[in-house]
Amino acid sequence: MLRYIVGRLLAAVPIFALVGIFIFSLVHLMPGDPAVLLAGDNANPKQVEKIRERLHLDQPVIVQFGIWAGNALQLDLGDSVYSNQPVTKLIAQRIEPTMMLAVVTLVITVLIAVPLGVIAAWRANGLADRLIMAFAVLGFSLPVFVIGYLLVYVFAVRLKWFPVQGYKPLEDGVLATLHSLTLPSVALALVFAALIARVTRASMLEALNENYTRTARAKGLGTFRILVVHALKSAGVPVITVIGIGFATLVGGVVVTESVFNIPGIGRLTVDAITRRDYPVVQGVILFFSALLILINLLVDLSYALFDPRVKG
Amino acid sequence: MSSKPYLSLDKISKTYALGREKFGGPERFLQAVDQISLDVPRGETLGLVGESGCGKSSLARLIMQLERPSSGAIAFDGVDPAGLNATELKAARQRFQMIFQDPYASLNPRMRARAIIAEALVNFRKGNAEEINRRVEELAIQVGLSSFHLDRFPHELSGGQCQRIGIARAIALSPDLIVADEPVSALDVSIQAQILNLIVRLQEEMGLTLVFISHDLSVVSHVADRVAVMYLGRIVELGKTADLFGRPAHPYTRTLLTAVPRPMPSSRGKRSRISGELPSPLNPPSGCHFRTRCSFADARCAAEVPVLRVIGGAQQAACHHAEDIQATLNQDEIETDNA
Amino acid sequence: MTAVSPHIDTGQNVLTVSNLSLEFSNSAGVVRALDDVSFAVRKGEILSLVGESGCGKSVTAMSIMGLLPRHGARIVSGSVRLGEQELLGASERTMRRVRGDRIGMIFQDPMTSLNPVHTIGMQIAEVVRQHRGLSGAAARARALEMLELVRIPDARNRLGAYPHELSGGMRQRVMIAMALACDPELLIADEPTTALDVTVQAQVLDLIADLRQNLGMSVIFITHDLGVVSSTADRMMVMYAGRIVEEAPVEKLFARPSHGYTAGLLQSLPGTQTRHRDVLAEIPGSVPRLDKVVEGCAYAPRCSFATGACLDPLPPPRRIEPEHSARCIHSETVFETIRNTDIVRAWA
Amino acid sequence: AETLRLRMNGDINTLDPIATTNFTIRNAAYLMYDTLFSMDANYEVQPQMAEGYTLSDDGLTYTITLRDGLKFHDGTPVTAADAVASLERWGKADGLGKTLFAKMASIAAPDDKTIVLKMNEPWGQVIPAIGKISSNIPVIMPAGMAANDPTDPVVTPIGSGPYKLVPEEWVPGSIAVFEKFEDYKPRSEPASMAAGGKVAHFDRVELVYIPDTATAVDALIAGEIDWIEEVPSDMIAFFDGVDSAKPIAARQSGNSMQLVVNHLNPPFDNPKIRKALQWSVEQTPFLQAAYGNATERYLECAAVFFCDTPYASDAGTEAVLTRDLDKAKALLEEGGYDGTPVLLMHVTDIPAHDAYYSVLKPMLEEAGFVVEEQITDWATVATRRASKEPVADGGWNLFFTGWGFVDQSNPMTNVYVAGACGDGWFGWACSEELQELRKKFADEMDPDVKKQLAEQMQVLTHDLVSYVPLGQSFPSQGIAANLEGFIESPVPFFWNVRRTQ
Amino acid sequence: MTASCVAVLLFFVLVAIFAPLIAGDPIALNPAERLTSSSESAIWGRDHLGRDVFARAVYGTRTSMLVGFSVAGLTTLFGVAIGIYAGMSRIGGAVIMRLNDAMMAIPAILLAIALASLMNAGVVTVIIAITLPEIPRMVRLVRSVVLGVREQPYVAAATSIGTSGLAMVWRHILPNTLGPVLVQATYACASAIIASAVLSFLGVGTSPEVPSWGGMMADARSYFRIHPELMAYPGALLSMLVLVVNILGDRLSDALDPRKTRRGSL
C-alpha cells in the first residue's frame, strides 16, 4: 500500500512539472516584459527592478525556469505585488476557510446526493425518480451565485437563521464555523449534489441491472440490503471517481461562493489576484489548487480499494 | 501431406504483456500462442479445437495479420506478409479473410449491410459504384440474403443474417483462405446448420482453404479434414479427423471427447470423471501443461515439455505417453459413430 | 435405461405451474413471452427445459421466483404453486421467504452473478443469516460446509476470497453452494454451464447430479444443449416461442420425437446422424419474434410438415404415450419421417 | 472583548498614508497614527501630539513641543526626531507638504521634545498644513520607518495612535485588525473633529473588506458589521422598517466626484483634446446613474471650491456644465487626434465608480474618442494612478475619484488648483500662473481679494482641464443603531464611538 | 418532453437571430429612468444605468448562445481530433495524455479566469477561456471511447478487408465515437453558458456594456433586494436555456445508450 502511494506520488511528479511549466509560461509567453507583467500594473520601477533581479531575467529562459521552480520547491513563490506579502503566507492565511468550506460541502453533498441517487435508481422511472432528477437537472442549470443570493435572501436576510456573509474561524468554535458555512456550503452542495446524485443513480442502475443483483434477489435478501450492501458498494467506484472529478468543479464553485459570501478563502484570493493582475499570487494559487487536485485524485484512487477488492494494491 | 502447404506456420508464438497487477509487482506476461507449427495444404479444412482461452482466436488473429507474432514466421504460398510494406500487405489481405465469432459485434452498427459488404470492394477499387453494387447483390444471393436485407442495419437483422453478411464480406474478394473463428457458437441451434452448410458449400464452390475454429467437437468433426487440438497455447494433438476422434493419443483429447455431453443414450451417466481445476493461462504448469489434470502424469511430464511428434500415420501428439495411452484405449469409452 | 430414476417420487409434485401466460409491454408493443405454460416438477427429479434463445425459458424461471421486472411484465393468467402455496400474486415478503430458502437459483453466467465486491464466504453466509437467522459464526460455518459440499479445494481459505480470485468453474460451484445453503426443495438452474468450458461443464453437471441424488431436491434445468439434457435430465420439455411444444421423459422424447421443431433440432445436429460433410438438415427461417400473438402453431412457418390446419388455433397437447405429449397435429407424420435417423434409432 | 467592525469602501493593502492618498488607507491610518496638530469642528487647527507651539515675532520660527508620555506601538517613546523625519517624508509626497518645505529654511529637533521649524518668509499656512485633515495626512511614525522612500510603502507600519495594528491577523483582501493601544494617552479636551481626546472604547477594531456593497448592507442590518462608509442611494430602501441600523446622510461628508485627466500621456497631453474632453461630458447623466432621482442627494456643481462655500463661483464653468459634441469634434480635429486609445480603468467594486465608467464610455465614443476599457478594482487604480509612465508601461489616462468637502473648499489643499506639474497631484497639470496665484492667495489676508484670487484660480483650472468636475453628492454612511458618539466630520473617526448598553 | 425542449431551444435560437427585430437598443443609457419598472419603452423595466432590460435580455440570448454553441463546437472539434489521434497513436497518445493530465490538474474555472483576465475583454476571449480547459476533458472522453471502439471486432474485420488509416477513422472509429461525444458536447454547451455567467459575475467576462445574462445578473446583485426582477429575468432565461440543453443531452445519452435498446436483464 505504501509503495503504491509512493508510486502514485511519483507519477504525479511529471504532471506537476507540466503544470509548473504551464504556469511559468503563462507569464513568460505573454508579450511584453515579464517583470513588468509580474510587478503588476501598479508597480513602480523599483519594484520592477526587484523582480527582474529576483527572477534573473537576464539569464536564458531555461535557467529562469530552473530558478523559479527551485524557489517554488522551497515554497518561495515570491511576494504579492498588491500587498507586498509573501505569496505562501497569503495562501497559508486562507487555507482554513477554503478547506472547511470544501469539506462541509462535500459532507452535505454526500449526505444529500447519495441517498437521493439510490432512491431514484430504486424507483427508476417512478415519481420519486422524476422529482429527484428534475432537481438534479435544475441544480445543474443554475449558476451558483444565483443560488447563493437566493439563500442569503431567504435564510439570512428574511429569516435571520444564518449570517449574511463572512467566516468564523475554527478557533471561535466548530459550531460557529459550521454556522457561518451553512449557507455557502448548501449553495455549493446543491450544484455539486446534482452531479453526484445523477452519477449515483446511473451507477446504481447499472449495479441493479447486474447479474449479481439478480442473484441477491434470488437469495431472498431484503430491499435495503440489496440496495446498500450489494448495489451501492459496487456503485461506489464511479461515485467516488465523480466526487474526485467533481472536486475540480467544486474549486470553481468555491471561487464564486467565497465571493458571494465574502469568505476570506483562497477562492477570493484568486479572484482578487486575477482582477488586480497580481501574477505571483495567481501563479501560487494555481499551483496550490493543482497540487490539491492531484492529491485528491490520489485519495480517490486509494479509496477504490475500499470499494473494489480487484484494485487492492 | 500431399501438396505444398498453402498456409504454413513456423514456430509462431504470441506473448501479451499484461502490465503489473499492483504497483511494484512483477510485470506479467501471457503466452497465448506457444511455438505453434502447422501446415495447411491448399483446399484443406483444418479444424482447431480447444477450450476457452487456449489461444484459438489469438492464432486466428496472427494468421490474419491483425497482430504480429512475438516470434516465428507465417507464410502464405511461401510468402511471409511480415516482410511486406503497408501497401503490399493491404494487397495481400485480399487473399485471406476471416469469419468472426460474434456475428453482430463484427459488423459496424452504423453501417448498412450493403456498405459493409461493399467496403472490401471499395477498398480495392473493384469497379465503379454500380459494378460494386451489382457484385454486392450477387454476394447477398450467394449467402442466401435478399436485397431488402442489404438496406438494413445490423441490429435490424437476426444473428444468422448477420453472420451471412459477415460471410459475404469475407468472400467478396474471392480469397484463397478463410479463417472461421467459431462462426456458429453465437447462433441458435436451429440456425447453426444453415451456416455450417453455407460455409461448407462456399468452400467447395470456391476451392477455399479453410481454418475452422470451434470448441464444439461435433461441429469440427463434421466439417474438418484434419483436426488440431489446442491446450493452453500449444497444439497437443493433430491428425486426420477420423483418426483423432477414433484413436485419440493425447489424454486431453480423450478428456474432451468424454466431457462433451452428446445427445446419445450412450452418454447417459457414463462420463468419466474429470479431476483438477483448469490452470490459469497466466501461470501454466511446467512441462506438459495438462499434467495437473492427467491421470498418466509422472515426473517427466513436469520436467520436460513434450514435443509434437508423429505417433503413427499422419497423427501427431505432444505427449510422453502417447503410445501407451493409445494402446490402453478402450474403444467402448469413446463414441465412434462420428468417424 | 430405467424409465424413472429411483430418487424420483412420482406421486409428489414439488412445483405445479398451470396455464401460465405472461406478457411484456413496452413502447414497441406487447410481447407474449409465455403462452399457456403448464408443467409440474416432481420430488427429486431433474426436469429440463430446452429451447432456443428467447423462447421463454428464463422468463418461466423468473415467474416462479417472482423476479419479473416491476414494470412491463404482466401475468395474464395461470398459477404457480410451490407445494400448497400459491406464488403468483404473493406478497414481496412471502416471496422473499421463498427465494433462497425453499427455491434456490443459479444463473448462466457465474462470472457476473457473484458480487465482485464481497467475499464468497459473506455471500453464502448472508443467505443463511437471512433465512435461518444464524449468527455470524454459525453462518460462516455453514458457508464452509457448503463450499466443501461443492468440492471447492482448500475451502477454508477460500471463504475470504473474492470472486475474481476464483476460476469460472469454482465460481459456478460457489453459486450452487449459495443456492443450496438453505436446503431448498427446488433448485432452478438457468443455463448453468453455458458459459463454461466443456471439461468444466462436465464437472458442474456431475456435481448437480450428485447433489440431487444426495440431497433429494428437485431441479429445473434450463439449457439449449440437447447433449446436456440427455446426459443429465430425467424429464424434458421443449419450448418454442413461449409455449411448451413437447414434454416427455428424456429417453422417450429422443426415441419418439413428435413435434416438428423437436424433429428439426435432432436432424440438424451435426455429428449425430449425418456423415462427414454431408449437408445438414436445416431448419429454414429464423427464430420468431414474439410481438405478434399467433393463434396456431408458432413453428408452422418453418416446419416442413406444416399444413393449413397448423394455423388454426392450437389444440391442447396431444398424448403420444404415457408421460409424453406434444402440441403438434402432425406428430405421427413427424415421427414416421424421422424414425430412421441415427439419433432416433440409437434411442429406440 | 468589544469589537467594532467597519466596512470601508476599499481594501487595506498598505497602512502607509504617505505612500497613497487613498481614502480607505487614510481612514485606517487615523486609527493607528496620530498627528502633531489637527483640525477641530470649527476648522481650526489644534495641537494634538503637540503640547503647543510658539511663533517667533518675525513670524519665521515655529517651536513645537511634544506632549509627555507619547509612545509608539512598539513601546518606544515618540521623539522630536521621529516627528521631523515623518514630516520630511510627508513633505516629499503631499502637495501642501511640498509647498511648505519649499518655503522652509530648516526643520530640526534640538532635543527629544522640541521641533524647530524655520521659514524663509512668513507664511500663514504652516500650522494648517501640518494640521491638515485629509490625504496625505502628516502622520508621525518612527524615524526608521520614515526613512523609507515615500513612494515605497512601509511593510510593517508602526504608529502611535489609539489603536494598533495586529499584523498576524491582517489578511490583505479580507481583514485588517486593530487592537486598543493601552499606552495611548488621549488629550483631556473633548473630541472635536480630528482634534481633542481620542478615546478608544473598543478592544478591537476590524476593517472588514466586503467587496459587494449589497452584501455589506445586509451584513450591517444583520448586525455582522457596525458601519459602512457609504450606502449607495439605491440601497437606502434596505433600511426601511429596520431598527438594527440606519443610514446617515451627512452634508459634511459631502463629496465631489471628478474625472482626473493625465496631462503627461497622449492624447490628453494636448490642451485642445483636453478641452474636447470637457465639451464631451456633462454632469447630469453621471449623477443620475449614481443617485437616480434622489435629487436631494446630489447637486450639479462645477465650482472648483465646492458650491455653498465661501469661494464658490460659477466663473468659467460653461464648458464644464454643457455638452457640445460639435465643439468637441472640432477640437479633436484641430488638436489632430490620431485615435490614440483612451484607457479607462473600469472600477467595479465601488458602485458609483462602476456606474460612472459605464456612462463615460459611450459619451467619449460619441464624441469621437477611441476607448480601451479595462475591468479592475479601486485599489489597483489607486496605486496605478501614481505612475507617470506611458499607458503601455502601466500608466493611465483618466480615472474617477472623489474629494471631500474639507480638502476641496480650501484653495491651499485643493489638489486641482496647484498647477504644480510633476510635483503635483496625479494628473500633473502644469501652470505657472496657477502656482503664482496660489502663492498670492496664501500670502493674502484680505477676504475679498482672496475670493477674487480663488475665482481666477477656478477659471484657470477649468481652462487647463486638470480635471472635469462631475457634481457634488452627499452620501450616507450606514451605522448600527447601537453605536453612539460618532464625530461629525468629513473623515470618519472611530475614537469616541461606543456601544450603547 | 423532448419535443418541447427542442421547441424551446429553437425559440431561443430565433430570438438570438432576430434580436434586432424584437428589441430596442440594449446599450443606450438612460440614467434619468434608471431602475424604473416596466414601462412602454422598456417592458421589463430599466437597469441601474437606465438600459432596457428586455433588450439586454434579448441580446443576451445571442451572447449566451454564441458562447455555448461555440464552446461546444470548438471543444468537439479539437477534442475529437486530438482524442482520436491520441487513441490511435501509441506514442503520440501517451504524450498527449500526459499533457492532458496536467491541463486537467488545473481547475478549469481558474484557468478560464486567468485566461480571460490576461486577454482583452470580449466574447471571443470568453469563448477561448472556457474552451481551452474544456478540451482536455473531451480529449480524455474521446480517447477512452476510441480505445474501446478500436478493440471492437468490426474494426478487426475492417482491417482484414484492407481498410486502414483515414478510411478506418472516418468509416468506423468516428461514427461510433460520436454518440458519447455529442452528449458531452451538450453538457459542454450548458456548462459554458453557466461559466460565462460566472466569468461576468467575477468581472472578467465580456465587457460590461455587452449585454449578457451573466453580466446582467452580476449588475443586478446590488439591486437584488429592491429589484429582484433584474436578476430574475436573465436568471430564468439562463436556467431555462441550460435546462433545455441539459435535458436534451440526457435524452441524447439515453437514446444512444445501447443498453436502453437491449432488453433488461431480468
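Should a chain be cited, it is by its letter among A, B, C, D and E, assigned in written order, with residues numbered from 1 in that chain.
Quick note on the criterion: contacts are C-beta pairs under 8 Å (C-beta built on N, C-alpha and C of every residue); 3 or more make two chains touch, one makes a residue touch a chain.
Chain-to-protein mapping (UniProt): A, E = ABC transporter permease subunit; B, C = ATP-binding cassette domain-containing protein.
Keep in mind that this is a model prediction, so the values were computed, not measured.
Chemist: What are the mutual neighbours of subunit D and subunit E in this structure?
Modeler: Touches both subunit D and subunit E: A.
Chemist: Tell me which has more C-beta contacts between its two chains, A-D or B-C.
Modeler: B-C
Chemist: Using Cα averages as centroids, what's the distance between subunit B and subunit D in whole Å?
Modeler: Computed from C-alpha means, the inter-chain centre distance equals 92 Å.
Chemist: Using mean CA coordinates as chain centres, what's the gap between subunit A and subunit E in Å?
Modeler: Distance between chain centres: 21 Å.
Chemist: For subunit A and subunit B, let me know how many angstrom lie between their CA-based centres, rounded off.
Modeler: The mean C-alpha positions of subunit A and subunit B differ by 53 Å.
Chemist: Do you know which subunit A residues sit against two or more other chains?
Modeler: 157, 210-211, 214, 259, 275, 277
Chemist: Which residues belonging to subunit C are in contact with no fewer than two other chains?
Modeler: Expected reply: 67.
Chemist: Would you give the residues of subunit B that are in contact with at least 2 other chains, written as numbers and ranges?
Modeler: Within subunit B, no residue touches at least two other chains.
Chemist: In the complex, go through subunit D and note every residue touching subunit E.
Modeler: 212-214, 218, 232, 234-235, 237-238, 284-289, 292-293, 346, 348, 351, 354-355, 357-359, 361-362, 373-375
Chemist: Quick check: in the complex, which residue numbers of subunit C touch subunit A?
Modeler: Its residues touching subunit A are 65, 67, 71, 95-101, 104-105, 107, 109, 112-119, 126-127, 130-131, 162, 164, 175, 178-179.
Chemist: Given the complex with subunit D, which residues does subunit E contribute to the contact?
Modeler: 27, 29, 31-32, 34-35, 48-50, 121, 203-204, 207-209, 221-226
Chemist: Taking the complex as given, what residues does subunit A use to touch subunit C?
Modeler: Residues 125, 210-212, 214-222, 225, 229-230, 233-234, 236, 307-310.
Chemist: Can you tell me which positions in subunit E touch subunit B when the two form their complex?
Modeler: Residue positions touching the partner: 152-154, 156-164, 167, 171-172, 175-176, 261.
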